[in-house]
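Naming follows writing order (A, B, C and D), and every chain is counted from residue 1.
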Amino acid sequence: MNKKNYQKDFFIYGVACFALFFVPLILGNDPFYINKSSTYICLGLLAVSLSLSWGYTGILNLGNAVFFGLGSYCMAMSLKLKTDAVHTGSGGLPDFMVWNNVKTLPWFWEPFHSLTFGVFAGIFVPVLLALALGFSILRGRIAGVYVAIITLAVLLVVYLLIMDQQRYTGGFNGITDLVTLKVGILEFDAYHPATYYLITIVMTIVLFITLLITKSRAGLIFQAIRDDENRVRFLGYDVGNYKTAAMCLSAAIAGIAGMLYTIVMEFASPTFLAVPLSLSIVIWCAVGGRQSLLGSFLGAIVITAGQGFLSESETFLHTWTLVMGFVFVLSVLFLPKGLAGFFEKYFKK
Amino acid sequence: MENKKKLLSLESIIVDFDGFKAVNDFDLNIFDGELRCLIGPNGAGKTTVLDIICGKTKSSSGKVIFNNESITNLEEHLISRKGIGRKFQIPSVFKELTVQENLYVALNSDLGFFKNVFKFFNKSDREKIEEIASFVGLKDELKKTAQFLSHGQTQWLEIALVVLKQPKLILMDEPTAGMTSYETNQTAELFNKIKKTQTLIVVEHDMGFVKEISDIISVMHQGKLLSEGNASFIENDPKVKEAYLGKKGITNA
Amino acid sequence: MDFFISQFISGLSMTSILLMISLGLAIIYGTTGVINMAHGEFVMIGAYTSWFLQTTFGMGLLVSIIPIFLITALMGFLIERIVIRHLYNRLLDTILATWGIGVLLQQFIRLTVGSELKYLKIPSFMAESMTLFGQEVSIYRVFIFVFAILTFFVAWFIIFKTSFGIRLRAVTQNKDIASCFGINSGVVYSSTFAFGTGIAAVAGAFIAPLKSISPDMGTNYIIDAFMVVVLGGVESLIGTAASSLIIGETSSFLASFSNDTLAKALVLLMIIIILRIKPQGLFTKRTRS
Amino acid sequence: MSNKKKTKLSVKRRSFLTNTVKAGVFSAAAVSGFPYVWFKQGNAYAAKNEIKVGVLFSLTGGLAIIEESLHKATIMAIEEINAAGGINGMKLRAVEADPASDPATFAAKARTLVIKDKCVTVFGSYTSASRKAVLPVFEKQNNLYFYPTLYEGRECSKNVIYTGAVPNQQQDDFIPYLVKTYGKRWSLIGSNYIYPKEENNYCKILLKKLGCEVLMEEYVPLGHSEFSSVVNKFKNDKPNVIFSTVVGDSVVALHKQYRAAGLNPEKMPMASLTTSENEVAAMGGDAAAGHLTSAPYFMVHQSAENEKFVSSYKKRWGSDKVTHFVSEPAYFGVYLFKQALEKIGKGDITPNTIREAVKGQEMIAPQGKIKIDPATLHTYLWPKIGICKSNGQFDIIQKTDQWRKPIPYAAYPNQTCTEKGLVTS
């Protein structure tokens, strides 16, 4: 809030992001690790989006993955329409539509021929959903666990619809066999450092904008709402609007993360907006420190990397979920403010 | 007193909680610039009346007129924008923000999201904040996180939040509850300062404090207005005596 | 007409299952405010306990009710003592802790029993079907329905007619005051948690024969249970029963007109809309502050 | 497909070079990222006398209920081969990973196995969704994937060896038999994803030829366990045959609730392509009795190879365990891989050479003599029709007289999978 405090945070965030740019050199551009770290950064960004709505504004959104998933589907739709895959029907009709005996490309797929549109949709479709949610739920004085449950329900509805409408969405298989993203002369292959840098740059920009917002008066008002909603109301603020705004911002971030994720995963799947992922995001933020953007970001990376490592190591092949389970429980018990809180306590000051 | 302008009037307000009438056909008139105390035994409906005025609770029937316009059952933030501030019984401040940040949130006239999204702390804000902080005696605590303030300090911080908005009318719910006598005196002083510029309605139990600050006292009983007048009049009103005080004197109630 | 009746009956059957799985959750949440994401796993543990008792001791379903309840109640008690009780001052965090517990329970079963599906058989005398309102109805489903009603009333009796229930409600109303009157809220909480766990487990044991038993079966129930509780309004048992009925029948009829996938989505939409109109659920009272 | 992919790759390499020149910003990155194009080449695969193969089956999550048995079968085959002295004196080294039933994780693990651990081949996955998720990895890295599951066909990848059945193999005998024995009024019930829909597409074609009537075609969510509405529809429609492509634990719930509702398998059997000994064990013989399944393999099949397979499986993993028509292909897949390597002998061991070697490979599997079709990389199999008995085992009531050619595009006469990839006429 005061100047010093500002500069400290911006400095720390700056260092963190700066460091990320050197990862490829450290990894010697090994395509495998490049790809892995790219995916981690996408998920980290996803955690940042929840940190904004939950950690700062106190909206426990158990359905945050829905924004992520929609973003990734938008990107996937654009990339799908560019495939020269053999299965595609007349006029580049996606393979799964051919399989489901769809004859012509449905109207809502048409605009995705343009990548630009795809990218915009990847941000604005989630935001629109967030707006709808905000106006129907948050402005309607629904709070606490009810928000949690309703957002979860919304997530399920979207998930079920995607599963059910597989003639248009690819259903359980998702949208697979995509082309690699090409922008001008640049080709963003999932294993290529170029992709890593793209993701890191986007991440840095988004992270800093978000940080700026949280440091602005609006950001303080978000936190005020988290601490005491009523007091904010009696100071004349329209809490509903602010909550909606927070949700839209976090939706946009999640959407962006989703689009990047599609690029590195090379497909979009309904599991990107299924309950398990959505709950994991909450865990990431809790472990990393929900009230710190960077904390949540790191939380996501620590947890996902940990899971990845354990589930491949021969010793933990069968017990890795036990380990993770313990980590969750213990961190909730002993690190109420997550790793970030821990570090603040013992290392800063 | 009658020559004064009527600032707020409640007309036959009824609040019905599934059958239980917490406030029952209640009328109240507040005049510009006065400090009105609202007293009464527990469950008389004092807090509920404040809730009605500031919109926290919606009335089942009746009217609330403020500044000659009806604010009946408006949304809280709209009522607040019309110039009514509310201080709660349990002090409600932003625990995880510093005193300074608390005040910075309150110190704001354009309340829309987009007006605030990229707005940062500047010099003039700082001056205003230090001014109000010294007004409520928190000048040395600006950097402290609110949750570490003493009880009295928390109360004062909330009062500061309310006063910062320069409302025409301030509703105070038991501002001295749980305060040490020293803190109570401080608060009394504070009130007499605020009184100069604002109209107040104060719900209080501490009669000493009430006498200290109030002009007129309204007594509530079972959701109705029982009696109204200055301290001495109330003290001698038999109705009040038997409804509320029993045989004992009001002073040691 | 026949079709209507049969749909209605299967709706009732779904209702009874929903009621059984959500009852425990409603009690726990209504009393302690703990959002128990491990509830589904409690149901699962119940199913496995029943399977264990059946395969190793050859105990029939009805005989094993009591042991199942006791074993799992003990488990619930311990979980409350070891983990949950440290979180009463930050209830939303219970979501995370209990989710972790759920993960642990699942993997525990995988490692001890194995992840393949297990077989739990319907008691032979209930395996057949009977005629009800001119409809062939599974005796076992009827039995579950009756049993669900029974459990409901037992729970109702315990909460509203026993001294434990009085203490429980006292704590629910106002923890501090209650403890002033010498009620040990700690004990009340942990026993409530144990009670809820027990009910969930028994539900699992009774539903399993109709369905399949697998370590992750719980995840299919937890959401439904939450929807029921939230829709009914968290403080009221009647609400839980009523919303089970609403959800059960609606999904039954929607499923008959469309398919189960769409039905599920539509029911969720319905719930969202209802909560929009009545944010505190269908059966809650308006009170001070 | 392959040729398409190859051209794609080469195009990419060229575009790389041009990019590196043009894109100043990323030149450093692009150049340093360049080696990855090459590391596929060379014989890094058979390092220090051991051959790394990946094993990619879910040990946690919803799919574990079935994939665990596939994991067991694969591991057992590898152990057997090593116990018997390995291949050309080299041991197989199984690199295991747990994709936790999640497509994204499948893709991630596939990358670990193929790129990081440099496995020459990966055995894995049950659902089409997870296969689709790992496909880009194997095609980009031009690695090889052994897929043991029966699936919906319509795929012609040169990087996958399909040892499971495709619709024509399971249905060509099955459907006519059912029509002949039970009747022409059919109801189709399946889980809500691509596999059941494809099987039903093909089924409907056959039914049309035989002049049958489809009363109902419905799909339930994966993991669905409340079938009372579905059962009611059966009661009302009274079909002669219920053609079920419901998968996973839903199968169990469906059968139990069908049984509990007092429906009669003799009049209205459920004919399934997905109900194996594995599911039957979970639903109990009484619920499964009288229902039919068509598959290339049943546990009761009489053959020396099968007796060996079953007995050693029980010996290795426990006497209560069952083998089924997905674990069997998972098992003989590893032996096909072995034969391929033996054929290569001293030659260069890469996914490419293995693919070429595996083409046309024949062996006596537990189900009978099978062969890899050089054109499609699918497998010639021996479909059988089994009717379930109350002891949880099947009675094989009909066998094919000769092995069935796999036709991945059976439902689409204008498309054929050839060695050159998919040809559309």
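Just so we're on the same page, contacts are C-beta pairs under 8 Å (C-beta built on N, C-alpha and C of every residue); 3 or more make two chains touch, one makes a residue touch a chain.
Computed from a predicted structure; not experimentally measured.
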Removing chain D only, and moving nothing else, give me the connected sets of chains. one piece
Chain pair showing more contacts of the two, A-B and C-D: C-D
CA centroid of chain B to CA centroid of chain C, Å: 46
What whole-number Å value describes the gap between the mean CA coordinates of chain B and chain D? 72
Report, in whole Å, the distance between the mean C-alpha point of chain C and the mean C-alpha point of chain D. 37
Give me the residues of chain A that touch two or more other chains. 160, 163-164, 318, 321
Can you list the chain B residues in contact with two or more other chains? 56
Pull out every residue in chain C that's touching 2 or more other chains. 106-107, 110, 219, 259, 261, 264
Could you list, by residue number, the parts of chain A that touch chain C in their complex? 60, 62, 136-137, 140-142, 144-146, 148-150, 152-154, 156-157, 160-161, 163-164, 275, 279, 282-283, 286, 318-319, 321-322, 324-329, 332-333, 336
Mind listing the chain C positions that touch chain D in their complex? 2-3, 6-7, 10, 13-14, 17, 106-107, 110, 114-119, 121-122, 127-129, 136-141, 209-217, 219-220, 251-252, 255-256, 259-261, 263-264
If you look only at chain B, which of its residues touch chain A in the complex? 54, 56, 75-77, 80-81, 85-86, 88, 92-98, 100-102, 104-106, 108, 111-113, 116-121, 143, 158, 161-162, 165
Within their complex, state which residues of chain D touch chain C. 59-62, 64-66, 68-69, 192, 218-221, 223-226, 228-233, 235-236, 249-250, 252-253, 256-257, 259-262, 278-279, 281-284, 286
Chain B-facing residues of chain A, complex: 1-2, 212-213, 215-218, 220-221, 223-224, 226-228, 230-239, 241-242, 245, 291
